[in-house]
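Here the chain labels run A, B, C and D in written order, and each chain numbers its own residues starting at 1.
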Amino acid sequence: ATELAQYCLMLGDDALIYAQRLSEWTSRAPDLEEDIAIANIALDLVGQARLLLARAAAADPSLVPTLPEGSPVPDEDRLAYFRDAGDFRNVRLAEVPNGDFAELVARLLVMSTWRLAILQRLVGHADAVVAAIAAKGVKELAYHRDFAGRWFVTLARGTEESYRRLTDAMRAVWPLIPELTASTEIEVRVGADPAVLADEIGVVLDQVLAVAGMTAPDAPALAGVRGRTGRQGMHSESFSMLLAELQVVARAHPMGRW
Amino acid sequence: MQVDQAPLEEAFEATIAGNDRIEPRDWMPDDYRKTLIRQVAQHAHSEIIGMQPEGNWITRAPSLRRKAVLLAKVQDEAGHGLYLYSATETLGISRDELTRRLISGKQKYSSIFNYPTLTYADVGTIGWLVDGAAICNQVPLCRTSYGPYGRAMIRICKEESFHQRQGYELLMTMMRGTDEQRAMVQESVNRFWWPALMMFGPPDGDSPNTEQSMAWGIKRHTNDELRQRFVDMSMPQAEALGVTFPDPELKWNEERDSYDYGEPDWEEFWHVVKGNGPCNAARVAHRKAAYDDGAWVRDAAMAFASQAGRVGRS
Amino acid sequence: ATELAQYCLMLGDDALIYAQRLSEWTSRAPDLEEDIAIANIALDLVGQARLLLARAAAADPSLVPTLPEGSPVPDEDRLAYFRDAGDFRNVRLAEVPNGDFAELVARLLVMSTWRLAILQRLVGHADAVVAAIAAKGVKELAYHRDFAGRWFVTLARGTEESYRRLTDAMRAVWPLIPELTASTEIEVRVGADPAVLADEIGVVLDQVLAVAGMTAPDAPALAGVRGRTGRQGMHSESFSMLLAELQVVARAHPMGRW
Amino acid sequence: MQVDQAPLEEAFEATIAGNDRIEPRDWMPDDYRKTLIRQVAQHAHSEIIGMQPEGNWITRAPSLRRKAVLLAKVQDEAGHGLYLYSATETLGISRDELTRRLISGKQKYSSIFNYPTLTYADVGTIGWLVDGAAICNQVPLCRTSYGPYGRAMIRICKEESFHQRQGYELLMTMMRGTDEQRAMVQESVNRFWWPALMMFGPPDGDSPNTEQSMAWGIKRHTNDELRQRFVDMSMPQAEALGVTFPDPELKWNEERDSYDYGEPDWEEFWHVVKGNGPCNAARVAHRKAAYDDGAWVRDAAMAFASQAGRVGRS
């Protein structure tokens, strides 16, 4: 059960933290239609995060931070709001600060392609809860990837400026791809091994790139620290600021009801 | 020209008198069109600017459930803005032009959004009091004389009622929490009560456009009528919640079968309307930054669409 | 003693919060010389804040937030790190988010002119601690004002762009000036009444503007909420984010030693 | 030309041999100048980029005393950058050109600053281990052959020792705090130990420039010599502090009268040097943004100065 819990934390944290970055876009998108779409994607991911964190807590209650006796804070929120940075298991691509709309599109294309491949594999998972979360998530992720893919092609073939910005965005995002498919033992044992999915993900990205007329940048992997990256709790510098904002109200009220 | 216009005017007046809808293809007086553009655009702008004070707390929502609720609500506001800009476009003006009028300060939005959100309780208070006041203003507009506006309002009012209940429910939950949370709710209500009352506009005596707007059926009640309705509606809700309003003159008037209440600070009201409220500059700057930062994206989308068109035709 | 404590909080919070905004400039200034100067100004203000908050705590221990039994956090830090937004007494000009370098210069000119006038008056204060803080502060503030004044003239008479940016900056800063000289009863009774200093401050600003060839913008006062502004604990929207960042580490460790 | 140069070269070699200083007005070989520009500029860039990882925590410093200490320290780093850019300028290259080389990636800075700061303990660890390693590298440079560089180093080393003590003192204080604080210190030390060892550069066998630099007196010890000195110096400090280093091979070697230690991950080292460390892109982007955002200010200052000049002359 502990390994399943750890695995649910990984997928749950990816969703939670990436949703946090996406929700920063609210009221800032290029037009209302995109504002609504981005909020929608963030909402889907918050929903997935809630289910996955709850599953993690149920599978291994020892993971759940302890609050003062009688605190009404539910497990999903204890995990989201009362863990410190080093206990989060999300990949760094989920957490890096937002750039411009091209960065949003490039990152979303990669994140949704990757997560969709994982969730597709998990639809048949032995754990019925994980399987159900995956089945719902597959439909959501397909929409996210579609949104990102259409915008990716639009920006690639739109204007010189959009092409230039998309090129810069790819340079920022691509170095974080190897981390997505560097599998941990837990993923291999109880989840979908992302290393096995690397080819499949690469094929999808190549297809989008081909339609867009772009080529993948020559981008070596972003190093971790002594080999540790997001899955091992080694995050980027901005992550502590993201958490400070995410958690500030909840932590001020450990006995609060919301 | 006057000769040609007379039957059109008659038909227009008959539609209004019969409480029927004017539709985009129908003839309408220039002033009616202008007044409507101003009113519907201001309403659309209010939805869009209104995303900011609540959006300010999305990243800090204290539970994942509340984060989802708030994200969905702010998303709905963008949706309302979308319908209303579409309704305005049927009057012959583009969304882009309307946005430019907003960020250049030529068109207004509801002054309530020039007040800051200072705690998470404000998310609840905005739902309860601000959306509540908006509903009082808007329900009569479902029967407004201009078709696209009236239909947009029907959909919007439905969602606004839902938001109002959600806001009230948040406050209710917080009141069942800690002492700090209860104090936070009361402090928030103290701040928003007077600005909420001002949402109905100046007293009837100082509201010069009301008469014409009522004649045209694009306004259905006076400011003071709606304000009274709001006070009467809110008092029992406050009691149920366990909060008070910061008005010593608030009390039941048996004779009028209504609550008496004190006078809002109209000097502050006009100060804020004129652009000097706590957040006016920040709200417009935020909107302008989003519009300016998005220009290259909209350009790219247009360029791509026109290429696709060329490819399709070739 | 309570009124003196409240007064020290006002002056201490002005220094603390403005220093926080200034310190955000670190490693971001137009050149190294300015980076050093801005850090220096922030340092001076942190120093003043420490003395004033300590004086407030000594004059009225009931103001100091309670922490768990045995917490080693000193009073100055309890006041800085464990109060909520509504308990801070700084003017809003201290807290508004940073703009560009012109905004820094315009704000610093106004803040330092105002604070210098106040501290000059407090040099002869009946409370020996306040008098000593003022005596030291006067020298510091004179330097801050000089730095701001020189840059104000430089930007005003530099290039078209610097002139335009300075004009925009003045439009952002000037509406917050009336709040600086709207005196509270406490200031009148136990401190330097800023309303009395309004003319003196205006004269200094007019002199700088004259040398710069600028005219003050026609800027009505920024409204508060039902007449309440910073001195009454009514702050601007960004203030809670500033505090979240300022306080995040300290609050995570109420029993911590640093 | 070779004929004319011979006595100059002789004088230069004599100065070096006599452990005397070369001054800006003195003749020096082109390669010496180039190597010095590269080395001093890299050192200057390191000070400036080094402001970022610690600067990251100024706004979050957990006590006002620590905020003041950290502000002052980061300010000192800017000051060190200033001296070192000035020293580089005496070699005939402008600060502006050096900054452009930094942000275009043509010149490097110390790789240690491409690691992230993740907790407040990192402020202490950087003071203790990173500044400590820097001092080991820099103390010998006070006797370096190039005058302006050597004199800058004397001043810098004094301040760096002060910073090192402050960092160690922060960690010592935290170790007397809560369990969480002690864990935070150990975690931070675990992260920074290996990168600190790598600050001395690759093993001597892989350090092609060392020989020439030592001959010219702009480097005084090999990388491995300095690394060993640093390990020997740090071990008793770690014991006093109550932390361990994450190296199972670390142990006292009676025979060598020194500590044995394990091999840093040189693959990671080269990866980071080549630009793919956790923060390389962010550090350069931050510096570039500050430089670009400040351009209009520097332009205004120049324009103003030249006007003032004109006024003065007229």
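What we mean here is this: contacts are C-beta pairs under 8 Å (C-beta built on N, C-alpha and C of every residue); 3 or more make two chains touch, one makes a residue touch a chain.
As the structure is a computational prediction, the values presented were derived from the model and not from experiment.
Visitor: Which contact partners do chain A and chain D have in common?
Guide: A chain counts here if it touches both chain A and chain D, which gives C.
Visitor: List the centre-to-centre spacing of chain B and chain C in whole Å, with centres computed as mean CA coordinates.
Guide: So the centroids are 36 Å from each other.
Visitor: Counting only Cα atoms for the centres, state how far chain B is from chain D in Å.
Guide: 57
Visitor: Going through chain C residue by residue, note those that touch at least 2 other chains and give them in order.
Guide: 244-245, 248
Visitor: For chain D, write out the residues touching at least two other chains, lowest number first.
Guide: In chain D, the residues touching two or more other chains are 60.
Visitor: If I apply the definition of touch given earlier, which pairs of chains qualify?
Guide: Chain-chain contacts present: A-B, A-C, A-D, B-C, C-D.
Visitor: List the residues on chain B that touch chain A in their complex, please.
Guide: Per the touch definition, chain B meets chain A at residues 48, 51-52, 55, 57-68, 71-72, 74-75, 78-79, 81-82, 85, 120, 170, 173-174, 176-178, 180-181, 286-287, 289-290, 293-301, 303-304, 307.
Visitor: Under the stated contact criterion, what part of chain C meets chain D in this complex?
Guide: 16, 20, 23-24, 26-36, 39-40, 42-43, 46-47, 49-50, 53, 72-74, 76-77, 80-81, 100-101, 153-155, 157-159, 161-162, 165, 245-246, 248-250, 253, 255-258
Visitor: Hey, which residues of chain A end up touching chain C in the complex?
Guide: Residues of chain A touching chain C: 84, 241, 244-245, 248, 251-252.
Visitor: Quick one: which bits of chain A touch chain D in the complex? Just the residue numbers, please.
Guide: Touch residues, chain A against chain D: 85-86, 172, 175, 220-227, 235-237, 239-240, 244.
Visitor: Mind pulling up the chain D residues that touch chain A in the complex?
Guide: These residues of chain D touch chain A: 53, 56, 60, 115-119, 187, 191, 194-195, 246, 265, 268, 271-272, 274, 276-279, 281-282.
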